[in-house]
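Look for chain A in each of the two complexes below; its partner is chain B in the first and chain C in the second.
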Partner chain A sequence: MSPVPAIELTALSKCYGSKVAVGDLDWSGGQGVIGLLGPNGAGKSTLLRMLATVLAQDSGSIRVFGLDPAVADERLAIRRRLGYLPQEAGLYRSFTAFDLVDYVAVLKEITDRTVRRDEVRRVLDDVGMTDDMHRRIRTLSGGMQRRVALAAALLGRPDLLVLDEPSAGLDPDQRLRLRTVLSDVGQRGTVVLSTHQTDEVAAFCQRVLVLDRGRLLFDGAPRDLATRAAGRVWVSESPDPGAVRSWVTGDGDIRNIGAPPTGASVVEPTLDDGYLLVATEQDVRA
Partner chain B sequence: MTVSITTTTSPDDAVVRRRAIGQLARIESSRMLRSAPIWIGLALTVLLAVTGALSEEEWSAQKYNSLVPLSVFPLTIGAFIAGVRSGNRDRSHRRPPLSEEAALDGDERAWARLSSLLVPVGMAALAMLVIGVASRIEGGFWIGDSPRRTDTALPSVFELVQPVLSVAVTGAAGLAIGRAVRRSGPAIVIGGAALFFSGLAYWIWNSAYAYSTALMQIQPLEVDLPASTNPSAVPEDWLVNRPNEYSGWRRSIVHTPTVIFHNLYLLGLVGLFSGLALRHRPRARMIAAGAAVAVLAVIAQLAVSPH
Partner chain C sequence: MTAVDEWHASDHELERYAKHTIPTFARASVEAHLLTCDRCRSTLSTAVAAAPREAQTDETWSRIADRIDVTGRPLRSSTTGLQVSTASPQLMFATLAVALGVIVGVAVASATAPRASLPLFVMLAPLAPVIGAVLAFQTGIDPAGQLSSATPLASGRLPFLRAAISSGAAIFAVAIASLFVPVGLADVGVWLLPGLALTSLVVAISTWIDPKRVALGLAVGWTVVVGTWSWGRRPRTVKLDLGDFAAQRTSMQLLLVAVTLCSGTIAFARRDELPVWRSR
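Entry: the complex of A and B
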């Protein structure tokens, strides 16, 4: 048995008509929490759907645990070790939260009734839904429904967890709880999540990918992404025409990224700065 | 992280899979058992059967065909609505199916839902069993007018099976339609109207084509006789109805070959709609086989028709 990466993508492409959602992507990754950053339409959800084995690529190859999702038996073997939270979870509105997660547990072949019930309670507790688990889905708030969907993804302690914007609709307390849960999964397996929250990536991702228009712009540790902007972020009192991107901060200062003018007040870059710089450079090139 | 390649599927996996499908079928059946349309349908079926049995008969075969098959019509509608709602679960609200990435995919879920139709089918079977036994205890029904009349007509097993198959047809049709449409509401309204005309009111068209393709085939069949018919002169085993404001002399025939082929037609429809409720293999085969059986059974009915 030879060791293989948990995820291996080779020249992976997916198009919708003439629009390239994912273009010629090569990447491999393994244990830990991996954050996927990128603007809307960058191809994040498409990539995650392909990783989750629910969407086939147009060309190139995907290997998950060394297995090919295009082969039925291998896809099944992948699915037995996979949890996936899509952007829209398609929950059955007439079910209670408990019944819904129990139903998904059966779909995931957790057949021992006692084990299954315990597992359902565990994941609902992990996402803070214990008190509301007997309420019907249609009566739950958007954030609660999101947590139920997350609980379903966590069933069976998957080796690979693919999450499309898992923190959307969650309050700060719930986000904190989410980080704890996902960090725990990342200790023993792989978590790939998409987000628009750079602070989330900085807080608990070991690796970050920046994607735009289906292309991989950055792959590395979050601090390395921040470092990309070292010496290229400065504050000023008015927008600097030489900056590639400027915005007003909460203090009323103007924060700029790009090539700082002589004598500029250069500041320590954040992950946000790094991300914006990488994305903006891509825009300029495009 | 690096991981070791694991084996893919093994005999143990197949056992786990079968067990999971069985549990899914049980969950779906339990939800079907808690489905309001099914219980409303059953309640109306019981009501129709009881009022039909207790009412005074005003015309020949009134009880005969109101108890079998018409009393089960509400249950066929209930099974249809429950089927649409069940099949539509993974299609509604423009969202992807629940847990697409799970080991049990859409077809296994569809099989579980199809198996849950055993709940309304079982209810219909029980209703027909009660009606069949009660009618035999009671002594039978009135068909025909004197001197060619009987008061001991009993529905055959084939006739009693027909409403049970009708419930299976509408349930499977509901699942197939629910799987195909985005919104279940309009599908229920349109499908319900179609069932009304093909199931309950098809006699409006009063033709061999209508009773061969109807959801519920009402027996006895009525065959027009010449205006000069002398009821005393027709064969003794004939049941004959006198002219009324709607028609002339008619012979009433409980035509078993037609009933049998009609049951075959309904079985074909069950196969056809079950195939449509699936996404992959054996979808195409089931659709083709179901359609072929249904078409052949209609042709057979027309061929043996007493008309």
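Entry: the complex of A and C
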């Protein structure tokens, strides 16, 4: 018998009025770190909220660990194995970081006081907040508040972590720490995160999904996304009118993606190139 | 030498003494014995020396950290649903504002416009617990904001407990406000039963749609009922004549009790379906 995938989506759809946020999505995924890439409004947050059991779909089905979030008992069972970091946490500003994470630990049913406090210290240490854990939320920077929220999501070593832009507001050092923590979780469970950073996806995601306007444009390994653009990226001294997308690089060259003209100086594609190509092709088709 | 003199603490007791896990009474006994017994002191020091130093340090640090981390808020000791429910400063402030609003509003009306105070009281009293319940069902009142929405306790028991606490506080405030108007204990059915019925109705319907909308609809309806009753009456008639107010009639009171019980049952059965905690 094959193991139940951590996440299984079948013809999943969600609309806000006439706007399709997620459209007819079929997908399944298991262990590892999975990155969601896509422009603003692509449906990433909507999908993550549905995975986190806080938003109901309009049609189709979601199964998390084989359980249906629409059924109360099964939703509870999912939530016991879930950690969720929303895009905007909205933390109460007069609590200290420790008190806030401690409070969330209670909501996560970690009722033994000693166990709970040890767990709170562990997650705050994981996100590098040990020295600031007794500061009030209102005195913390945006990045620190983000790390407090992330610590709360990590409570109880969840089997599934759903993170909406976890690296937003973090400095490079903290991002590095985040990668280490999430890679560790990905070794034994599933991490689904949304991001705008392709370097982040390249660094520690085993799988990447590209979404645009609620549609799944790509599903595969990050290197496969980069490979999509193989032979379709070239540099020139001026923008190439035949390119589907051109931009100036840091060293002053023009980087183009599309069908290269004869004699073009084709270069090795990056994940950025692959992502832009996939997204641009969708734009052209639309 | 007596039998008492030959008594020695067992290895197990000494081990628990060293780990601070021995009960207080036994601890005092072992401690008193250690003062006079070289043999047990020697056994104890051997046991302590044999214990991994790192484990001892961890344990000591854990104890120190546990003391330091007691900040008194929001969860001081062992947790219960009640403690979690009352851990929301936002809800506590909002409930307090509603409670004070009712008391001060009725008191001021009673002092400045005595004839209007009774209709105002009859109108406000059942709505106060409704507002309390609506506040409790808002995700925004949770100290952890959206972070709490996907936790096991987020739906079901927690918002219902919060609603009970908030509505209960509002009802208590209304009871205090009733001292400012000519409503006797026998007239409690005028406001308490409608309050309970409207609140439980809001909670029950809230398992399908947003409680704010439900509360708004019921508030308008209740205001119309009270307005119709008091409108056009001569002020002195309104002042004390609660007898012909529908909520005073036995049949109406039975109906309100039935509504309260039915709505409460529905709300309990559907406690995991609050749409504000799992939006559509």
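In the analysis below, the second predicted complex is superposed on the first by the 284 of 286 C-alpha atoms of A that agree within 3 Å, B and C clash if a C-alpha of one lies under 4 Å from a C-alpha of the other, contacts with A are read in each partner's own complex, and residues count from 1 in each chain.
Quick note on the criterion: contacts are C-beta pairs under 8 Å (C-beta built on N, C-alpha and C of every residue); 3 or more make two chains touch, one makes a residue touch a chain.
Model, not experiment: these values are computed from the prediction.
With chain A as the common reference for superposition, the partners chain B and chain C occupy clashing space.
Applying the stated contact rule after C-alpha superposition, one finds that A:53 touches each of chain B and chain C. In the superposition on chain A, contact is made by A:4 with chain B only, not with chain C. Using the contact criterion defined above for the overlaid structures, shared-chain residue A:125 touches neither chain B nor chain C, since it reaches no partner. Once the two complexes are laid over each other on the shared chain, residue contacts for A:32 go to chain B alone; chain C is not touched.
Residue contacts after overlaying the shared chain place A:190 against chain B, while chain C stays out of touching range. In the superposed model, A:92 makes contact with both chain B and chain C. By the touch criterion defined above, A:80 lies against chain B and chain C together after alignment on the C-alpha atoms of chain A. By the touch criterion defined above, A:107 lies against chain B and chain C together after alignment on the C-alpha atoms of chain A. Once the two complexes are overlaid on the shared chain, A:65 sits against chain B while remaining clear of chain C. When both structures are laid over each other on chain A, chain B collides with chain C only at 187-195; the other stretches in 7-15, 187-195 or 223-231 stay clear. Residues 52-54, 73, 76, 79-80, 82, 84, 86, 88-92, 100, 102-104, 106-109, 111, 113, 152, 162 of chain A are contacted both by chain B in one complex and by chain C in the other. The part of chain A that touches chain C in the complex is made up of residues 52-56, 69, 72-73, 75-76, 79-80, 82, 84-86, 88-92, 94-96, 98-100, 102-104, 106-109, 111, 113-114, 117-118, 120-121, 134, 149, 152-153, 162.
Contacts from chain A toward chain B in the complex involve residues 1-6, 30-32, 52-54, 65-67, 73-74, 76-77, 79-84, 86, 88-93, 100, 102-104, 106-111, 113, 152, 159, 162, 189-190.
Of all residues in chain B, only 1-9, 13, 16-17, 19-20, 23-24, 27, 89-90, 93-104, 109 touch chain A in the complex they form.
Chain contact summary for the complex, chain C toward chain A: residues 62, 65-66, 68-69, 71, 73-75, 77-79, 83-84, 87-90, 140, 143-156, 158, 272-273, 277-280.
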